[in-house]
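Pasting a structure here, questions to come.
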Amino acid sequence: MSLSNLTRPWAAFSYGFLDPSAKREIRRKMIKAIAVPGCQIPYASREVPIARGWGTGGLQVTLTLIKPASVVKVIDQGADDSVNAASIRRFLSRVSGAGETWDTLAATIVQSRHRIPEERLRDDQVLVLQVPNPEPLRPVQPNMSIARQMHADADYGRLWLVLYEQMVRSGRIMQGAAYPALVNGRHVMTPSPIPRWDVPKLNMARHLTFLSAGREKRLYAVPPFTRVEPLVFSDVPYKVEDHTRLTCHRSGLTGVFMNEIPQAAGGSVFEASDSHLGIKAIRRAEGDAAEIGPLWYQNGEFRG
Amino acid sequence: MSVLDRLAPELITGAPLLVMQGIAKRYGPVVALEDVAATVWPGEVLGIVGESGSGKSTLLRMMNLEDTPDTGTYTLALPEVAGNLFDLDRFARRQLCARRIGIVYQNPHQGLLMGHSSSGNVAERLLVAGERRFATLRARAREALDVSEFPLNRMDDPPRLLSGGMQQRVQLAKAIALEPALLLLDEPTTGLDVSVQALVLDTLKRLQRDRAITMVIVSHDLGVIRTMADRVMVMRRGRVVEEGLVDQVFQDPQHPYTQELVHAKL
Amino acid sequence: MPNSERGAMVPGAVVLQVEGLAKSFQMHHLGQNLHAFDHVSFTLRAGEFLLLKGPNGVGKSTLLRTIYRSYLPQAGHVWFSHGAGRTDLAHAADVDIALLRRREIGFVTQFLIARPRVAAEDIVAEPLRKAGVAAEDALEQARHWLATFGVKRDLWRAYPTSFSGGEQQKVNLARALILPPRLLLLDEPTASLDVGARAALVARLADLKAAGVAMIGVFHHPGDVAALVDRDLMLMAKEVDDVAV
């Protein structure tokens, strides 16, 4: 007699790992988040089989959205092939039967950490951003109860104060990733640690974006065609990273966001951060018919 | 009986800026304020004197809309507001306070972000009011600090690195940055060295003379009130026991408590 | 404010009408009422100089301060006619008193309330500045009066807090007399003055009187101003037990 004789064979309790009541709760919070763009909505944040801080917030949103016809793309810092991205992608397809892809054009759900793909997202696609720290006010107000009151009052003076002090100290805005942005003219959100380069991609976008923090148990959304304005002084224009003159040393791509790779001999080379875009560019160069969709940026200029 | 009821028919001075009437506040069985009325005319300095627990600071906090009474009304003669200010919603209150009322607290921790730069503390006031040009923020923060006689070579140091007198000047700069209609001062020099105290008072006096800012100053220190105020209200146990011109209240006090207070000082 | 704007000071027009004025001090800690004066009545016209007389401690200064409202009277009226009408100083609102003091009623004492870090010439110019005179113009006039009262030129930019009593008093006078008020109360202004300043003061008072300023004065040596005095008012001690000492 063994354990397997005594129990029924293993089968998933619920479709898509999360049980229906958990999904219903998250779905309700997601609808709320869409209704109040940029406002952080608390949710229960269930246990999922990865550690807190490794994308549990994004994973729960994706698990709630996913269906057998979905095609998921998961990227980590722009790369589809990192261990974490690959594990999450495989887990998603295993528990849902959804398809996997590396190609932005083919995906219906893109779960991402730290980047938004360079190819323009469509209105039939959903972007899910993993957020480590959803509270833009945390650096200026450690007390979260007061921070919530400040959101309620639209009291964002201190965020501007941080920018003011960067200007005073350095003569320019030093905020790189997670640049705070005003959503729909009301709530300031942190767009997760995406580079400044990616923030304009959220403004009046055709796609829906969810941002979800599993450890902090908060999710928020940027619905399609919603204003997302980075906080800037009117006499100090918003600047994205200047990658216009850089060329990817592997694919030859230019005008996209680059990763800098230091060389042992000194100096550094650059490669496209959106790894699959690079792969497609290499394939095209080799004569394959890899389709590259329209890009957000052309010649280093944001086109939207 | 309020000042207005008693004197309105023959009043030759224009309309008051601030009118508070019938203010009462209890904390459980403790009476904080009982039937308090206050009137402040544009350009004048009203002093409120009394020992700790007399309700003077509570009254000042109400003027700054930080606290509401159980009963009573508060009006400011400003174009953008009408009616009892205690009825304003939270957002309207915040807007009014940010744009029209400046306050200097006894404890700089209450009024300043100690870890941010001094100029940034001043700029924040302007930011809250909607100023979005960096050059303007910088220039106006500098000007407000300069008027408050703060040494500009230290304008980007955080207040936690500054002396108590300097911190009060940063608070003052922050309070006047938007040229408020009303400047509230809650024991602004208490806790400072006597010599520093004199300098801060002198700055306030200058400001009053040059800009004719309407001020309400709360202090338990009769010397401060005598130096600063045009009129004075004496408070005790949540009530106003005497009110009058500063020289009259100090030279010819009417209420036994005021006589005690004045004689104890002189 | 220039005189023309606040009603001309017509010679002979009634400026002040005091009726049945009484003052005593209720000393709560002594449980005592200290009598100062009562039943004081008189009329003062523009350009008139009234000298208060009486023995020491009879309440001459007290009467001046009661008219000025530094003291609250117990009974009576102090009708003051000014540019905007007629106001009872005994009952007027504090703000109105403050307004009238700024514009219409001057008070000269032997004590200067000097403020730290304000130059002598700025102190003297202040009433003009408040009346809307341009800064340079006001300073010019201030310097003229400082010179007239004999304050040395190198002290004009200095802070009077450090001056001797006599010098402070000159600054005080220059400030108090720079802008002709409608009513001027003089409480022993000559007390600590040297001969030159005293002469300058008497000359200035004569000018003001000619310009229609009504004056009430208490003088230790009334001889100084004998030529200016139109009338005098004798205050007598009241024959009661609790007379002010």
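Letters A, B and C mark the chains as written, and numbering starts fresh at 1 in each.
Just so we're on the same page, a contact is a pair of C-beta atoms (placed from the backbone, for glycine too) under 8 Å apart; a residue touches a chain by one contact, two chains touch by 3 or more.
The structure displayed is predicted, hence computed values, not measured ones.
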| item | value |
| --- | --- |
| Two chains joined by the most C-beta pairs in contact, as defined above | B-C |
| Most distant chain from chain B by Cα centroid | A |
| Central chain (distance from its CA mean to the mean of all protein CA atoms) | B |
| For chain B paired with chain C, centre-to-centre distance based on mean C-alpha positions, whole Å | 32 |
| Whole-Å separation of chain centres (CA-atom averages), chain A against chain C | 78 |
| Separation of chain A from chain B, taking each centre as the mean of its C-alpha atoms, in whole Å | 48 |
| Chain B: positions in contact with at least two other chains | none |
| Residue ranges of chain B touching chain C (in the complex, touch as defined) | 3, 6-7, 10-13, 16, 41, 44, 198, 202, 205, 209, 230-231, 243-245, 247-248, 251-252, 254-256, 259-260, 263 |
| List of chain B residues in touch with chain A within their complex | 90-91, 94, 113, 116-117, 119-120, 123-125, 127-128, 132-138, 156 |
| Chain C to chain B touching residues, read off their complex | 25-29, 65, 69-72, 84-85, 87-88, 91-100, 115-117, 126 |
| Chain A residues touching chain B - in the complex, by the definition given at the top | 153-155, 157-158, 160-161, 164-165, 167-169, 233-236 |
